[in-house]
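In the two assemblies presented below, chain A is common to both, partnered first by chain B and then by chain C.
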Partner chain A sequence: MSIHFLRVSLFLFFTLVMALPSFAGQPMEQIRETTDRIIAIVSDPVLKPPEKAEERKRLIRQVVDERFDWEEMSRRSLARHWKQRTDDEKKEFINLFGKLLERTYLEQVGNYSGEKVLYLNETIDESGFGDVRIKIITKQETEIPVRYKVKKNGDGWYVYDISVEGRSLINNYRKQFQRMPYKKLLKQLKAKVTQE
Partner chain B sequence: MKKFDIELAVGLFMVAGIICLGYLTIKLGKMEVLGDKGYELQAVFANSGGLKSGSPVVIAGVEVGRVKQIALDDYEAKVVMNLPLDVKIQEDAIASIKTKGLIGEKYVEISVGGSERILEPGDLIRETEPAVDLEQLISNYVFGKL
Partner chain C sequence: MLSLQFVGKESINVRKIFVAFVCSVLWIIQPAVSSFGQPPEFLSDLKATSFEGQTKRFGQFYLVPDVDVTSDGFGGYFYSYKDKRGNKTTTNRLDSLPKGLLTAGKPVQVAFNDATGMPVRVAESQTSQHEVSGPSTHDESGELEGEIYDPIEPVNRAFFHFNDKLYFWVLKPIATGYEKVFPEPLRVSVRNFFHNILMPVRAINCLLQGKIEGFGTEITRFIVNSTIGICGFSDAAKTAFNIEKRDEDFGQTLGFYGLGPGIYINWPLLGPSSIRDTFGIVGDGFLNPVNYVEPAKYCIAIKAYDQINKTSLSLGQYEALKKAAFDPYISLREAYYENRRYKIRE
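Coming up: the complex of A and B.
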């Protein structure tokens, strides 16, 4: 009887121990992996010269694409505009908005010069949403708190919003998008994405 | 007989005065007497920036509800808001704490989302922005303006 009980509790203990790390560490590990890969690209001396700029961009884009959920980001920032769009319009917008975000992101990442990234904590809720808090420490020792909002899809956690200093990227665009009719918005977005 | 009439008049006047006083107290104090109509939503902010219970909740600049309660929850501010039943909030709505003017009072602004899922009474608005000074300035600086 007691041996049986011992077995059962040992079994439970091990399943719990085995299950926990794979569940608990997920979003932060995935964000860390992506960030490390991007830092490796931007600090790679081989890719530094200006003629390699395109190659560098392409590599960063590849890594970012794997971690960001462009559709979710587009849906959230278009908000009420989103419902009135046809599937083709949605596709077009996702493509354009993704490009805009990539550009902004690349501009920020392109200025990377050895800033440190601290991984603080992560929270996950049972409905498949999580958030990862990190801190970027610049050379002047200023701390910039950054928060990644992630959503679970299969095994991966995908970023759908980033907050810097508490300001949400999605809310920033959502407010700008709600202020104008969709046509005007699309025109401005196109102009912004194609300008160099 | 005549004396009694005067006393009655004074009494009635006093009662009317007290009723008026009560009405004003409830109105100006923004208290609810007959229970709250509407439903409650929660949101957790990293910093409430001095938001008070009774502060307005605003959508598109229109005051739709009020903050009912603020409490500390795991070192963050948990805010309970009361909203009228006919104002539906989507699951991807974002609640931010804003300031009227530069140093004015704080209020909660909800920017509506596009999700099909509507929040039920008692649900949590998952996306929040804490109170920050010069908020839009920073956000435009960080993410770029369209």
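Coming up: the complex of A and C.
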């Protein structure tokens, strides 16, 4: 009886211990999955030729869209401008700004040539925010620490900011937007998105 | 206010002028004032909490001593707040704040209505500790912290423009030509060589910050790389022994001991810097062996070569920054500021 009890409790204990890391490992796992998918696309020889460039972009965009929270990024970048926008204006901005960020991201990963990605650690707080730290090792042996800031929505963790060596993407945009009138900002954003 | 008593009650005009003066000074030193009457910009960074049936955001703030003077002038308030790391920043102007708790220098907690952005509740810090989460960890990276003070922006912008042209007209063409001729592994080796001879800068600054382990690491790396790594051309310490380099300089040492960046300076040729980091560059100059090369023209030539080699390894990065930016000057300034802060904390 007591042996049986011991066995059951041991079993429960180990299954719990085994289960915990995978539960805690959520945001990092999701970032890893997204990154792996992007690396698979950019290093796919079938998609390498220039005539496949559009197809390749579309595929990356799809993956990135699933992991990035464009609305949260827009809200945090616009800060004080955000509250004065109507719902339609917000939608318009999210769409355009998302496109700009996406393009910047695409241009960066487009140059991918076998860089290694190390997954360091993650932190989650109970209010649904998290942090995933990774390190990119370039071909030139330089190490670039990158930090993804993620927000929970349902089962998924969505990226709302990326910091590279302490430089936050969203902070940088916010500081630029802060002193600009919204009209000028929007005009410039439209011009940026349409220019290739 | 001491100075108000000094002015005297009867000389109303003098007093008015004084108040106007104080206000204008505050106005000048407050870049944030441009958002007159707006909900504070940092608000979106505070964690939203459901409290008393409304969505509110909490933050802990320390009132600025001069807050009552400002309210006399234009009916607004400034206050500064501290984050978990003790960095202090003065906020945007607010139009209303319950007057009763405005004791200068006293920490208070302010709850903001999420919809209007207006403060709805102010309490003394100790009384309601449990209600206040302050800036949550997801904002720890510093969204709540201020920006670098940039009073000489017009001059900086002129130098920024100069550096921009220097890059596109001189540095980039030379570096591109150099890149075409020399293969990347060779250029990486040259970079490693220049990195290796700067060991004294990193080692001494580790020591100055009390990072004894870092000091030892740097010395070990120097010995390994200068011998096995063939005069430092190969980073054998990293590749063979996995000894990480320590990136320390005197600007970081000064920052480590709490010195702020002062003001932002965009130097011609040198690029983004601050008062603190300019002192840092001068201090590190004594530890840079290249500076002891005589005559001076060789020293300059070596440095120019180092710069061209470095640029050849980072071609396209500046272009990417410019392409993504709405105001490249501010983008570069913030990138510099945040990167320095990151390095000091590390």
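Observations
Simple rule for what comes next: the second predicted complex is superposed on the first by the 175 of 196 C-alpha atoms of A that agree within 3 Å, B and C clash if a C-alpha of one lies under 4 Å from a C-alpha of the other, contacts with A are read in each partner's own complex, and residues count from 1 in each chain.
Methods note: a residue touches a chain if its C-beta (ideal position, glycine included) is under 8 Å from a C-beta of that chain, and two chains touch if they have at least 3 such contacts.
These figures come from a predicted structure and were not determined experimentally.
After superposition on chain A, the partners chain B and chain C collide with one another. Judged by the touch definition given at the top, the superposed model places A:130 against chain C, while chain B stays out of reach.
Looking at the shared chain after the overlay, A:38 reaches neither chain B nor chain C.
Shared-chain residue A:82: touches chain B and chain C both. When both complexes are overlaid on chain A, the residue A:73 reaches neither chain B nor chain C. Put simply, more of the residues of chain A are touched by C, taking chain B and chain C as the two choices.
In the superposition on chain A, A:109 makes contact with neither chain B nor chain C.
Look at A:140: by the touch rule set out above, it reaches chain C but stays clear of chain B.
Once chain A of one complex is fitted onto chain A of the other, the partner contacts of A:59 are absent, as it touches neither chain B nor chain C. Of 151-159, 169-177, 205-213 or 259-267, the chain C stretch that intrudes into chain B once chain A is superposed is 259-267 (criterion: clashing C-alpha atoms). In the superposition on chain A, the residues of chain A contacted by chain B and by chain C overlap at 75-76, 79-80, 82-83, 100, 104, 107, 129, 149, 161, 163, 165-168, 170-178, 188-189, 192. Contact residues on chain A toward chain B in their complex (touch as defined above): 75-76, 78-83, 100, 104, 107, 129, 149, 161, 163-178, 188-189, 192. Chain C contributes residues 31, 34-35, 38-41, 43-45, 47, 117, 133, 136-138, 141-143, 147, 184, 188, 191, 235, 238-239, 313, 316, 320, 323-327, 330-331, 333-335, 338-339, 341-343, 345 to its touches with chain A in the complex.
Every residue of chain A that touches chain C in the complex is listed here, in rising order: 75-76, 79-80, 82-83, 100, 104, 107-108, 111, 123, 125, 127, 129-131, 139-141, 147, 149, 151, 161, 163, 165-168, 170-180, 185, 188-189, 192.
Note for the complex: chain B touches chain A at residues 46-47, 92, 94, 96, 111-115, 126-127, 129-130, 132, 135-136, 138-140, 142-146.
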